[in-house]
Structures are given as C-alpha cells and as structure tokens.
Amino acid sequence: MGTSRLKTAVLGASGYTGGELLRLLSGHPHVTVTTVTGDKSAGLPVTSLFPHLDAVHALVLEPLNIDRVLKKVDLVFSALPHTTAMEPVAKCLQAKIPVIDLSADYRLRQAETYEHWYGTPHTHPALIKKAAYGLPELHRTTIRRTRLVAVPGCYPTAAILQLAPLLAHQVIKPTSIVIDAKSGASGAGRSPALPYHFPETHDSITAYKIGRHRHTPEIEQELDLIVAKNSAPRKRKAARINVAFTPHLIPMNRGILSTAYAVLRKPMTSDDLNHVYAKFYKNERFIRIREEPTTISPLHVRGSNFCDICAVIDHRTNHVVTVAALDNLVKGAAGQAIQSMNLMMGFPEETALTTPGVFP
Amino acid sequence: MGTSRLKTAVLGASGYTGGELLRLLSGHPHVTVTTVTGDKSAGLPVTSLFPHLDAVHALVLEPLNIDRVLKKVDLVFSALPHTTAMEPVAKCLQAKIPVIDLSADYRLRQAETYEHWYGTPHTHPALIKKAAYGLPELHRTTIRRTRLVAVPGCYPTAAILQLAPLLAHQVIKPTSIVIDAKSGASGAGRSPALPYHFPETHDSITAYKIGRHRHTPEIEQELDLIVAKNSAPRKRKAARINVAFTPHLIPMNRGILSTAYAVLRKPMTSDDLNHVYAKFYKNERFIRIREEPTTISPLHVRGSNFCDICAVIDHRTNHVVTVAALDNLVKGAAGQAIQSMNLMMGFPEETALTTPGVFP
Amino acid sequence: MGTSRLKTAVLGASGYTGGELLRLLSGHPHVTVTTVTGDKSAGLPVTSLFPHLDAVHALVLEPLNIDRVLKKVDLVFSALPHTTAMEPVAKCLQAKIPVIDLSADYRLRQAETYEHWYGTPHTHPALIKKAAYGLPELHRTTIRRTRLVAVPGCYPTAAILQLAPLLAHQVIKPTSIVIDAKSGASGAGRSPALPYHFPETHDSITAYKIGRHRHTPEIEQELDLIVAKNSAPRKRKAARINVAFTPHLIPMNRGILSTAYAVLRKPMTSDDLNHVYAKFYKNERFIRIREEPTTISPLHVRGSNFCDICAVIDHRTNHVVTVAALDNLVKGAAGQAIQSMNLMMGFPEETALTTPGVFP
Amino acid sequence: MGTSRLKTAVLGASGYTGGELLRLLSGHPHVTVTTVTGDKSAGLPVTSLFPHLDAVHALVLEPLNIDRVLKKVDLVFSALPHTTAMEPVAKCLQAKIPVIDLSADYRLRQAETYEHWYGTPHTHPALIKKAAYGLPELHRTTIRRTRLVAVPGCYPTAAILQLAPLLAHQVIKPTSIVIDAKSGASGAGRSPALPYHFPETHDSITAYKIGRHRHTPEIEQELDLIVAKNSAPRKRKAARINVAFTPHLIPMNRGILSTAYAVLRKPMTSDDLNHVYAKFYKNERFIRIREEPTTISPLHVRGSNFCDICAVIDHRTNHVVTVAALDNLVKGAAGQAIQSMNLMMGFPEETALTTPGVFP
C-alpha cells in the first residue's frame, strides 16, 4: 500500500496551519507527507516545533526549494504566508502538480481587488482563473476539476456558509449585512507579538481592523456570486454586496463564532427559516444545522471539520440573526484543504476528517 | 469620624454584585456597611463567602428583614434579584431611607413594559416615576434629587454610553442599530448551572437570548429619550427605537465589550466623529474616549469604574462602528451604584472609585 | 462487516467520560455502541447532551437496567460513579459479559482499603481479585486474560507511569515520594457546583484534599507492587510506600501535569536517568519520553492517548524531579479503557487511539 | 499639599511591574510619580503603553539618565531588569537618594552567590551589605533604617512567608523542603516570546528551570537566616538549607500559588500548627492565615498586597503541606516595594495598599 500512497509536501510547515495539516494527514489512509519546508526552522525535526507530533511524524524541515520539492511529490499543500505563495504555486501549476494553497493569493478573482487589499501586485494574474475557491459546499464541482485550490480564509468560511442560504433563497436584503466575528488567537499565527502575548490576550477581548480586514473582499465576492446565480439576469449587475465586518480577538486557542445580522425581505416563521437551511445543506456531511443558538460554540467543533449553524428571527427588529461556529485551523484551514484534496484526488470527501470535536 | 459615617446595608450580599459593593465600599471614607443580608447564607460571616474580604470586613449575614434593617441604617443598597426587590425598595421609600436598587425592578418607566419582559406584575407601579435611572453621565441632576436610584444593567450601560452621542448629535439613523455584546461569566451570577460550569464556558463562546434579552427595553427606553430630547417636538412621537441586540457569553470573569453598528445619516470624517464623543463626554471622569479600537478592552477597566469607548467610520458600508468596554460588576453594577450614591449624598462623585483597572 | 462488529454499551454516558468514550469509539472499526444509559437523562438523544456528537451518534439514553443491557451487548463500558458500579459490574461477570469499569470500585486489591477510602462496604469483595488494573504498560498480560478491567484513575495513571521506572530500577528511595499534581476541571465531572463555577475556577488555582485524595491508595498499591517485584523476597514485606499527594485544580478543561519528587538512592547522571526511562518504555506506543521539561504539557496530549514524561536530576538537592502530562479524559479514562478493551478482544492495542493531540 | 508630596521616579516603567507601581502609587496620598524612564519607549506617553492608566497618569517616558533623574526626585523605584540595576542603584546611594530596587541585584548577601546564579560579576559588592531584603514581615526594622531596599522575588516572597514559621518554631526538618510553585504569565515579563504566546500558554501548564531557577538562592538565604537565628550558636554553621524548587507556568495573568512540603520533626496536631502561624503573623496586616486550603487562591488576592497561607498536616506521611497565594505583581513586586517605601519614609505601612483583591 505504501507505493500507492500519494506523496505530499507541506510548504511552510512550522506554523499552526502547517502543524494541523500534519496532524490530520497522519490519519489519512491514502496520503503520506514526505516533505516539509520551513526556512527559519530548516534542519529541525518537526517534533522540535510540534511536540504533539512526537512518535507520529519523523520528518525534518528543509529550506523551501520549490523545484526540488516538485521532483519528489505528487501534490503540494502550501501554508506559506500571503504574498509569498504566488510564485511557488505558479511553479506547481507549471509542473502540473496539483496544489492546495492556504494563503489568500489565489482567492480573489480580480487581481486589482487583491492588489488593493494586500498592497502588492499580483505576479500571476492569469492563473487566478484556474483556481477553485476551496469551499466544497459551494464549489464542489469546480474543485473536483481543478489543479489549484485556493482555500478560503477562516472568517469567510463561517460567514459565507451562514449567509449563503439566506441569499440563495432571497430571505434577506443583501445590502443590510453586518458580520460580527470572534476568533481564537491561533488565527493570528505563531509569531509572538505583544497583542498575542498571553497577559494581553487573556481576560481580554478586542475588536480590530474594523471595516478593513482582508477577509472582507472574499466574503463579498462569494456572496455576490450567490446573489448573481439566484437573480434574474438583468439584475445581476446590481448585486454588489458590501458587508460591515468586524473581527474580534477572544481568549481561546481555536475557533470562530461568527454572528451575522441582516434585514428580512419579508416576514417569515422560524420554521420556514430552519427549512431553508436544512434544505440548502441537506447532504452536507460537515454542516450541522441546529435550532438552539446556545449549542453553537467553538467548543463543540474543536479539532473537527464541522461548521455548526443556527439562525433565528428577531421579529421585533425584522432581522435574521445567525451564528456559525467552526475550528479556524480545521474547517477554516487545514481540514477544508484536505476536504478539497479528497475531492481533487477522488477519495471519499470525508477521508481523515471524521473525528468529532474534542469536547470539553 | 465614626459617628459621621453613613451607615448602609447591602441586601442580597452573597452574590458577585454584593461582594463588589463590599469591596468598593471598604475604601469609602464616608460610608460604613453595617448590615448585610442573605437568606441562604444567613449566619455565615461574609468572609466564608468571600475569602478576598478576609481582614477587610467582619460582617455576618442576616436573613432579610427589611423593617429591621431600616431601623439600623441611613441608606440601602439592594443587590436582590429581579422581581424580589420591588417590596423591600418600596419599604425603604416609605421609611424615607434612600435606596439604590441594582435590580431591574424600577428601571423601566412603563409598568407594562416591565411586566411584558419580566413576566410578573409590578406591585408598585406608582413608585416607578420616583426612580432615577442611575446613569450619572445622562441623569446626574435627577439622581441628585431622588431617593430611589435604579442602577442600569451592565449591557445597557455600555450600549447607551456608546450610542448616546451618536443619537444626540443625529449622526446615525435610529432604526438601524445592531448591538453585538460580549460579557464575562460573572454577569450570569454566582449560582452554579451547566452553562457556567467551567468546562462548558472555557474555550467557548455562545450567543444567547438573541433578540429577547431583558436588557433590550432598557436600552431602547434610554435611546428613545435621547432622540426625543434632541428632536423637534412634533417628531418626538415617531421616535421608537428597536435595537437588534445579541449578547454573548465569553470565557472571562469580568467585563463587557459592546460592539454597536449603525448607519450614518450623512457622510462624516473620523475627526468629526471623535469630536462628537469628546464634546459629549468632556467633563466625564469615568468615560475615556480613544481613537484606537484595539485599546478598548475589558482588561483595561477590570475592577475600575471606567467605560472606555472608541468609534470608527466604515466608509465602505456607511456605518459607524463603536466599541465600549466596562467592568460589568463595577461601572455595570456596584461602581455605578456608588457613583449614584455619592451624587445623592453630596459626596464627590468619584469617591471610592478612583482606582485604575487591574491590568494585566 | 456490521455483523462482525462488537456491540457495546456505555453505562453512565451523560458525563464527560461517557462522552469521551462515544467520541473515541466513533472511530473504532470493530466496535459499535448500541446502548447508552443515563438515569437523569433517560429519553434524551445523546446529542442533546453532547452537541459535538451531532451527526456522529444518533443514540438515545435509556434508564439503567443492567439485565436488559446484558441481553443486547457483547461488552460493557461502565462510566458510573464510584460505589454505584459494584452491582452492575458483578452482573456483567455473572453473565460472562466482559466489562471495563472506569470507577474505583474494583481498583483496590484489598476490600478494606476500598472501604476505608470510599466510606462504604464493598459488596463483592470476592470479585476484586478477578479484576485487572487497566494500565496496559504495566499489566498487559493480565488485561488480555481478564473479563473485568478496573481502569485506573487519572492522577494514578500519570503518577504510576512517571515513577515506575525509578522504582523498578531502584533509582529512588521509595519512602521519599512527593507528588504535586495539577488537573483541569473536567476531572471533577459534569455536575455544576460552586468550586467549578466558571468565575471561581478561572484565574484561580487551588490545592484540595491535601493528603487525603482517594487516588492515593491506588498509587501506593501499584508502586508497592513494583517495589515488591524488584526486591529480594525477604525485603518485600517492608515495601510499604506512602506518598505525599496533593492535587490542584487549574483553569484548563482537560489534562493533568503531575510533578513528582523523590530522593536519589545514589548519584547518577541525567543520561543514565534518561536511559532508565527509554529502556523501561521501549516498545510503548503511548509513552513518550523527552529530555526537555518545557515540552511536557497537557496541551501536547489534548484529546490523545499519549502520556509524555520527562525526568531530571536536581544535583544540588539529590532529587529526581519528573513531570508527566496526559489527558485525564483519554489516557486518564476513556482512551485507556479502549486500550484495555483492544487487548481483551485481541484488536491491535492502538486501534481508535492513534490521533495525535489537538495542539494548540 | 503638593509641595509636601514625595517626588519619585520609576525606572524601567514600561514593563508590568512598572505599570503596577504607577497603578498603586496613583492612590498614594503622600507620593507623586514625576519621572518615568524606559529606553525603548522614550518619548511615548505612559498611556500608550498602559491604556488602563488613561486619565490617571499623564507622564511621558524618558530615556534613562540616572544623573538627570537624581536631580529631580526624592526617591527612586527601579524596575530595571536584573544585572542592569547595579549601576543606577549605586548612583542613587552616592547621591543619598533612597532607592527601592525590584531586581535581584542587591538581594543576595554573597556577591559570589549572585555571580554564580546570574552569570555576571557584581560591580558593587561593597554596597550589598547596605541593602535591606524588602520583606517587611521579616525585616521591618532593617528596612526602616536603610537607603536601599532589595525587593524580594515573587516566588521567594511566597515560599519564605509560608515556611518561616515552620523553621522559626523548629517544626520541620530544614533539609526536607520541596517547593512546587505555580505562577501566572505576567511573572515572565512583557516581552513577547513563544512560550508566552497566547496559544502556547493557554490550556497548558509546564514546569521550567527545574532545580535551577534563580530565585532558589534567595529562598535558601532567607530560610538559612531564620534557622540560624533560632538555633543554638554552635549549630548555626550547619544550617545550610537546599530546597528542591520547581516553578510552573500556568494559564493566568497574575498570581502565584506556592505549595511547599517538609517532613515534621515530631508529631503535632493541626491546631498546634495553626497556632504556630497565627502567632508568628499575629500583627501582620497583609498576611492572612486560613484553615481551609481551598480558600487559598490567587483569585482572592488579585490586585492586592495580601499573602494568604494555609498549612495542613499529612499524618500518613508525616509531612507539613503549606499553600500560599499572592499576586506576583503586588505582594510579589510593586506592592511590597511600596510597603517598604512606606516604612523607609515613615508613612503608615499600609498606605495605598489597603484595597482588597478583585474577585472574581
């Protein structure tokens, strides 16, 4: 069976997302990670960065040399930071090696949008259209056919999944969306800095990048697509959604709770609303719709690939309020990346992703 | 000096708010707590419930007998639960003993609103109009003249303070308000229950009572008042604000971060916005306006009576987004109660409340 | 394959240990949980108690009727509380159904020791000797042959595993042992009570049951056995170890860090000490020996069946100091129970237990 | 009154200890902080580092120039790091300006001990004997007479206070002491680094510097002194205590819980033991002796200058086990520094230190 296993590399394996890819892939029956790169940690065993992988992975980090990597593997996961993934990903495509990119570099369909929000020119704008946006629940067919998956950001995964049914079924006014999201600190990465120094994050909660977080254009792009797909052709042009998006840092390691608000187009019952969600996500293994908002918590999805969603109607104010919980490192990153890889490679979609959350 | 000190009672002293009144009053130069009541804990020394008050208070809890209490004290703080404070507060007024009520029983000016949200008849509707809403920044004059202060809830304190300048200066559309608030677990009181059992709250965040939290009518009442006061007379009737209010439980002991969203009436600059707040709260000792949202955190006000506020404009979506932080047990309860008492009694308003927050 | 799967019951499935058995067994290829009991929660679906198991288990809790259970299953896990497991376990043995008991009821080899520490008569003292102490690393052969496994307590698992090599190799003076252990709050169970109410546990650490925790006799029994096995026959009688054991409650959900101290019998080098551990646990899949104490943390074993251990010599004071970390709900309870079951049933020992810890 | 206030400087004011000095001194009626230094933060207002001091302190940090400082102030607090305080402190003494040094530079009476543990020569060994060890409960008289106070480390404060009565009354064998201490992360300072990065500290507990933490010689020095003072003269030479000391990092911001173990010299009752403590600390304002160990927690002393202590006898193993809790930034640093300053300056010892802990 060893010979039939897919050989994969994880680029940028020293961060939390890299570690999570290694953790989850250790349970994949058809994949072996054979190469891990990390410039600053080159030469170190993975276990010196990740003691939890002791006795699980015996890999040693090497400096990133994409040409060398491409000779050794069948598929590449890139957990490189934004702006640094453009080149290596392009090389993968040239070499016809499938690549799953966890950065933002190929998520936005308009190069100029990318350039505006990320402050740097896109060096391979022609490749953007080859990328599938790696949210299987919305783009399963495209992902199956692509060689480049751009894995969504953690906040967008929650926000898009919780809002998609409402827009697809024209339940809400698209221009009225407010998203108030809360994330654990692993979302900020593994580089020490004062805002994530334990005594500054613990017992604290702060809003940051109000109205200017880089995940905003991703959310808007995908919501626009949904609106466009579900509108009469001549109305499509008008569908430009702007969301008021405020992320918060909260004292948890993992997990996002995203609370989204939107104005109802016309009155509806809670039962009808639940029906919209149940139908939209009917056969989705990783989406769980529940009626009681207090059961929607990062604690119930920790370490798992589930996204739990609840929506309620606030009749007094004519709003839908929806909460979604996911693990930012799994459904919001590494798990979703593996889910996409499973689709690309023809493995059962849930392979290596069936473990329930670690509660409590 | 002992004889000149005000003798006070704390009713319902066994909960967190009671403990906080005792902590703060231990530093008040003009007040002595001489009586503490707690039915379930009657006979126990305060220090068996609150080891942190060991060597600070030597009081013993007695069962609540309001007539007996009224013979012994000059002023009453009631930290009794909602619906159980109506009677004792009425007795205080009968006996002409000033009373500061931390429950919701006298906060709402319409008895029917109270009855709708609290599910019980108001037994003393005639007394409601004698109550001052104990938010000194907005009702200082009334508080000075009253014998009954109804101390605001913790969420309303944050929400009202952060929204008042926007409504007073007609910056926002009153019907567009969304309030997404996050509170530490002490806000839920000291009675053990599964949602606050450590392993269920830690590493978790949940939304609860979406669109139906009892603090909603308080917020709306006070915002309505501000709008009315700042409108032309004939428009006043129309001013009925409904807020979409979602509280969240987060893994902290103390503190609230309230994030509020509203649509701008007309474009304005950030400088202008900051000016609105600076002017509105110019001489307020306990309100701190800052320009950088990441400095607004419960960690910076922990244990103190400050409310820190920041407002920013999201030009893309035409929203004002404002964050406010306070300690739910201090500015959101015991501290605000003492601030009101200081006003009622003619003490300097900040007496016993000058300690900065305990950071980190 | 469905027919060849082992049908199992989980008694007392509504607590954290029960939930953890369900989580881990959902990944076991040869086992299906078909029955779950819980008196207080009878009639409820498992998912109403454990939202994290939504879409994973569709079981409904039934009241405990052991005779009925025994007709339906091939093997029983009992997660019933101490003192209430004696009877049901005895019934399992009568019915020749293998049983894995996670309570303390059959852990202690002397009925009188049990009665002293648990304050109740043992109703089936004759069955005690049929029980294997479910610590596979020390009792693998016995576990393979038994029908009754008494799964060790969480603290004893850590303490015994970290001290066994030192006693087996006569490195330390058996009478000099001090164990200072720290546990997350899930170790106290799922019943709400003031000491585990979030605001009382968070930002706190307390020592409890100093010198009188019920796990003490278990630790002493097993350490005694090791000393006896490794002593000259005539010295065996003398080997009565008393350990000074202090457990602490710390603000985490899961995990134990156990720090043990003992006086060296004679000087040795760190290398020699590491060699003792490496040799003792040479082929143990779930024991990881490391040289750097700061890598030993509950965070690196969270959700996994690993026990990580480090030992260092404090030459100044002639002590060995050893730290061990494990997840109290996995290696300290449900995982170890499954490890024992795998041995009893002839499955590979690590089945369903290979997932690494969820870090961070 | 302004002219009669003591003008003080805080050197190294940008760290947590500096911030805590500023917080506590803001409530001191006889002291004004007029100068704050911080090389890296020179030019910044204190409030940009410490938003919690907004509206409390309006100071601006200046680069450290000790000669300049000494012309402006009556007394100096030095919160400079170890090894960098030697010179400025010496300059204070030359200038006859009283100085309170929170570093370790003048704590150890033997220069060679300092040099061994801190790895650097002591540049002013002759000044060491001028320093008083700033633990008022044990050195009150000396502190009153000195111009240089060396404020104890946070761990030593707890360990010495909890063990002093046992050694003074010859209750325990001095050579049998094991100290297992647990500290919140603020003890590690404010410089970001991976071990204190939120996701690495949260949900974790680790032992570090086992047997080689720099606070060890301080503890031993002070315990030796107590033994010597309470021994017959000819036995004094023999009294060289070595303690097995293991610090742990736990997921809290503030606070230490120190658990110490020692072998009883002869049997005694719990009552006798409590009597020893009660007597030893009879008139000590900041030491609270309690009989129930679960009431000893950092949560009950947070933000306050109290040290809470409990001692119990483990009759089975013939040990005394004692737990002590304090706030590492207050009684373990800034509070103790102010307590010493009050003594030096003739202010009531408790001035600015009477606030009880912020619970919960």
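When the chains are written out, they are named A, B, C and D in that same order, and each has its own residue count from 1.
Note that in this section contacts are C-beta pairs under 8 Å (C-beta built on N, C-alpha and C of every residue); 3 or more make two chains touch, one makes a residue touch a chain.
Being a predicted model, the structure only gives us computed values, none of them experimental.
Path length between subunit A and subunit D in the chain contact graph, taken as the least number of steps between touching chains: 1. The interface at B-D recurs elsewhere; of A-D, A-C or B-C, the pair that shares more than half of its residue-numbered contact pairs is A-C.
Chain centres here are means of the Cα atoms, and by that rule the chain farthest away from subunit C is B. Centre-to-centre spacing of subunit B and subunit C amounts to 47 Å, using the average Cα coordinate of each chain.
The geometric centre of subunit C is 39 Å away from that of subunit D, both derived from CA atoms. Subunit A and subunit C have centres, each the mean of its CA atoms, that are 37 Å apart.
Counting partner chains per residue, subunit D shows two or more touched chains at residues 16, 186, 199, 202-203, 251-254, 295, 297, 299, 302, 360.
Listed in rising order, the residues of subunit D touching subunit A in the complex are 16, 184-186, 190-194, 196-199, 201-203, 251-253. Of all residues in subunit D, those touching subunit B in their complex are 16, 19, 23, 26-27, 50-56, 186, 203, 253-254, 285, 288, 290, 295, 297, 299-304, 306, 308, 354-360.
Listing the residues of subunit A that touch subunit B in their complex gives 178, 180, 182, 195, 199-200, 202-208, 210-212, 216, 242-244, 246, 248, 250-255, 257, 259, 261, 293-299, 302, 312-317, 319, 321, 323, 360.
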